[in-house]
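Consider the two complexes below, in which chain A is the common component and chain B and chain C are the respective partners.
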Partner chain A sequence: MKNKIKFIFGIFLLVALMGNITAFGVSSPYWTGNPLNIDRGETMIVELNLQNMVGDDDVNVEAKLVSGSEYAKLKETQFLVKQKTSNTFAPLTIKIPRNVEPGIHKIKVEFKSIADDTGGMINVGTGMDVSFDVNISENFAKREINYILIGGIVLTILIIILIIFLTKRKKKKRK
Partner chain B sequence: MNKISISLAILIILTIPVTSAGIADWFESKLTGKASSQPTDVVITVRGTAPIIIEQILSQPYYSPIEGTTSDINFNVIASDPDGVNDIDDTSITAQITKDLISQDTSCTHVNDIDKNKANYTCKVTLDYYNLPGYWNISASGTDLGNKTIITNDSGLFLYSELKSMTAEPNLITWAEVSSGGTDQKAATVTTINNTGNYNGPISLLSYDLVGDSDNTQRIFAANMSSGIQDDCLGTKLENNITKEIVGSAANPGNLLLGDGSGQEELYYCVNNVPQISSQTYSSTSLGAWIISY
Partner chain C sequence: MQRNMIALTILTLIILPIASASLVGDLWSEFTGQATSEEVGLKINVTGGNAPTVEILEGTITDVSAGLNEAPSLTTVSLAVKITDQEGLGNINDSTIWAVFTKSGEETRSISCIRDNPKDTEYSKTFNCNVEMFWWDSPGTWRINASAADINNNYAENTSITFNVGATAGFTAYPEEIIWAAINPGATDETAINWLVLNNTGNIDRALQVNATNLLGETDNTKILLANDFSIDINAGCAGTGMSHLAYTPIAGANLPRGDFRLNDLSTGQEELFFCLNRVGQDITEQTYSTNQEGSWTVKIA
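And then the complex of A and B:
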């Protein structure tokens, strides 16, 4: 006689939990087949858009960068996506060094809803993988000119020259 | 005699039609048979002969679909006419977005005149959450009041992002009971996956072994289980802590409101071989929830 392996849930629990749904979404301007083209030395922030327009509950979402960590970085990894919202963003910074070889590199970010343990047999969560190619071109990004820094240096030099000039003038007058 | 003359003169004056043309004109018309002249307001609208120019289509580089609903795609059209903005037929400015065989038309609304020759129009179309991602072309057309030639500019472009989004219902997978050593024990629940975005591709499942709640040394291995799109226990074999693509599954983006299966997929589960294990509860509590993913 085979043992009967009975699972904890009864019909009541099953019915009570049947109505629950798990839902969220991630929108990305880049995906498999639509690569990000970028120059060497260029930095870009890709805004991954988290949405929870369909579900009836807030969703905790965990993000993990699983490919491309040499060029990409997630600023945050935990997100609370409130119900009926589509304005949560996960900024993914992509920074390409100037000395990297041109070519195609893969970026992959996994997003998972963190499912509450409802005490049933198998809890089910949902996940979305954002995966795209980064196509690093042979070109170099133009270096950004920091006009504020340059202006500050020029102003400091002018002030120093002015002070020297005024000091010398005072000394001459005293003589 | 004088009285008769005066009465006759008064009678003549009374019978002359009182018009703005005056007596001279009346006499002239009577004597010559030609119509008398009348002052009248004359308005002559001179329309330009140069056709309209659709100079620019200004759009955001990309728009995101919104889960389960529509997204507004707003853009502007700049039109000019060498004969002046008054020669542009504001009601004629229209736009169309197209991708593959799908297109949408819209009328544009005049926002303001940029200068004496150039005007700005705003246009809006809506895309559904299930419209496919990729580049959409924008073309804008218009005509003017003088030349009336319809001019089109199809240089507009925007990217409609990919939205990976779903609901999975219910959020539990359950078996009524399974027998130790048994085979092909089907789950009591089927997961319905609604694609609330526009992703088009397979569905994957990350599974874990089920650990005994009382005696955690005993497990039902994920490798003893399968998941598929049919209730036949012939689905994809699962593995502990490995994401497996479910063979034959498809996100199948489409209008869920149609209720014809568009945008839907169902996943069935089976314990193909139940090990010889003790009678207790086995669950995902220890190793974590299973994740259905795109």
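And then the complex of A and C:
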């Protein structure tokens, strides 16, 4: 027995056999076989929805963009998914430049639960890939007119004209 | 003259029935080959007028394009249907209003709809339908069939509307730890005393990958059980896929199909993974080895 390695005994074994891995789920409006069709110059936000309907504990989830970083960006990478909820969103911004070639590009996000140390020999955490294709069309997205910006510029010009006008008027009066 | 008229009348009375009954008919069929008469079945349904019309109110359909709830929660997809009958709302049979969801290769989901009385008009009634979808219902386009009948059994349906179901990735696994009872230095092919059972809580079939770490001695961490010395299989034993240190390795033959894992037949919506320690170094000392220092292994659906 001297060189024998003893790992786990008694009550710990029983507990280990009974426990569930804390798990979670991710929903997506796009998946392999159902691509996101998008125009050049277009920006979209894909809401990936994290759920924790199974477990009785909150789950800490880490997200990592594995493929498609040239077009996609995760706003956040750490999420606390509370038990019995299905409304934790991981917004994924897809931004296609106007000068990109049309074609299909893969987006893959890896989600991983941050496992607690439970003191066992091999602790097991869970993870999942959410991937879909982005189908970039030949079309160009219409440029959006920024009415607020235009309004602001017009207003500024009007104010400047008014100031110049009033200044000149004052000068005339002094003369 | 009068005699002639009487004779002609008698002759006509004799010939006419014969000619009309068979002779002309026989001659007609002989020359043309066409029947002079045939039996015709008539079936007349006497009903109370027109069938109702069924309108699915599109704006009322629950949006599930971002995916269904993961197990064990069901997802309620609601919609409203408006049934109109020219004979007046009293002619609509409330118990015949159904909403049915269909998709090729999928189980049909259906519900009897409930009347929303405040929305009644002179000729129409509105019904709310709350159809429950299961977590394994596949993503894609589903068709709605809304149907109704009136009190005279005039039936109508509307199958013009579809809706999209998104994809959900999810699974659970148990237990939390994989353990070996006791192992001697230099041992080979030692199977763990427990194994993982995985349940697919989403609606897509998945392959499985595992990212492995080394197990370091908790007292002397220079003594290591290497990740590369472990294997995982879908069957008990030690002939499984060898692990790689800090890399996701696809497990050969492992598949986590969507389905009702509550059947617990280790097939529908389920998969098992068995762990083996294929080699133990001779220099290993007596202590506890664990993933505490390098981090847990990760089972991933890909």
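Rule of thumb we're sticking to: the second predicted complex is superposed on the first by the 151 of 175 C-alpha atoms of A that agree within 3 Å, B and C clash if a C-alpha of one lies under 4 Å from a C-alpha of the other, contacts with A are read in each partner's own complex, and residues count from 1 in each chain.
Following the convention adopted for this analysis, a residue touches a chain if its C-beta (ideal position, glycine included) is under 8 Å from a C-beta of that chain, and two chains touch if they have at least 3 such contacts.
Because the structure is predicted, anything quoted here is derived from the model rather than measured.
Q: Check whether A:A23 is in contact with chain B, with chain C, with both or with neither, and answer first, second, both or neither.
A: A:A23 sits against chain B and chain C alike.
Q: Touching A:S86, do we find chain B (first), chain C (second), both, or neither?
A: both
Q: By the touch definition at the top of the document, which applies to A:L74: first (chain B), second (chain C), both, or neither?
A: In the superposition, A:L74 touches no partner, neither chain B nor chain C.
Q: Given the touch rule stated above, what does A:N34 touch, chain B (first), chain C (second), both, or neither?
A: So A:N34 meets both chain B and chain C here.
Q: By the touch definition at the top of the document, which applies to A:N123: first (chain B), second (chain C), both, or neither?
A: A:N123: touches chain B and chain C.
Q: In the superposed arrangement, does A:M44 touch chain B (first), chain C (second), both or neither?
A: After superposing on A, A:M44 lies clear of both chain B and chain C.
Q: Considering each complex separately, which residues of chain A are in contact with chain B in the first and with chain C in the second?
A: The answer is residues 2-8, 17-21, 23-29, 31, 34, 49, 51, 53-55, 86, 110, 112, 115, 117-130 of chain A.
Q: Which of the residues in chain B come into contact with chain A in the complex?
A: 62, 64-69, 133-134, 159, 161-182, 188-189, 191, 194, 196-197, 206, 210, 213, 274, 277-285, 289-294
Q: What part of chain C is in contact with chain A in the complex they form?
A: 65-73, 139-140, 164, 166-185, 192-194, 196, 201-202, 204, 206, 211, 215, 275, 284-292, 295-302
Q: Report the residues of chain A in contact with chain C in the complex, numbered from low to high.
A: Touch residues, chain A against chain C: 2-8, 13, 16-21, 23-31, 34, 47, 49, 51, 53-55, 86, 110, 112, 115, 117-130.
Q: Which of the residues in chain A come into contact with chain B in the complex?
A: Answer in residue numbers: 2-9, 14, 17-29, 31, 34, 49, 51-55, 86, 110, 112, 115, 117-130.
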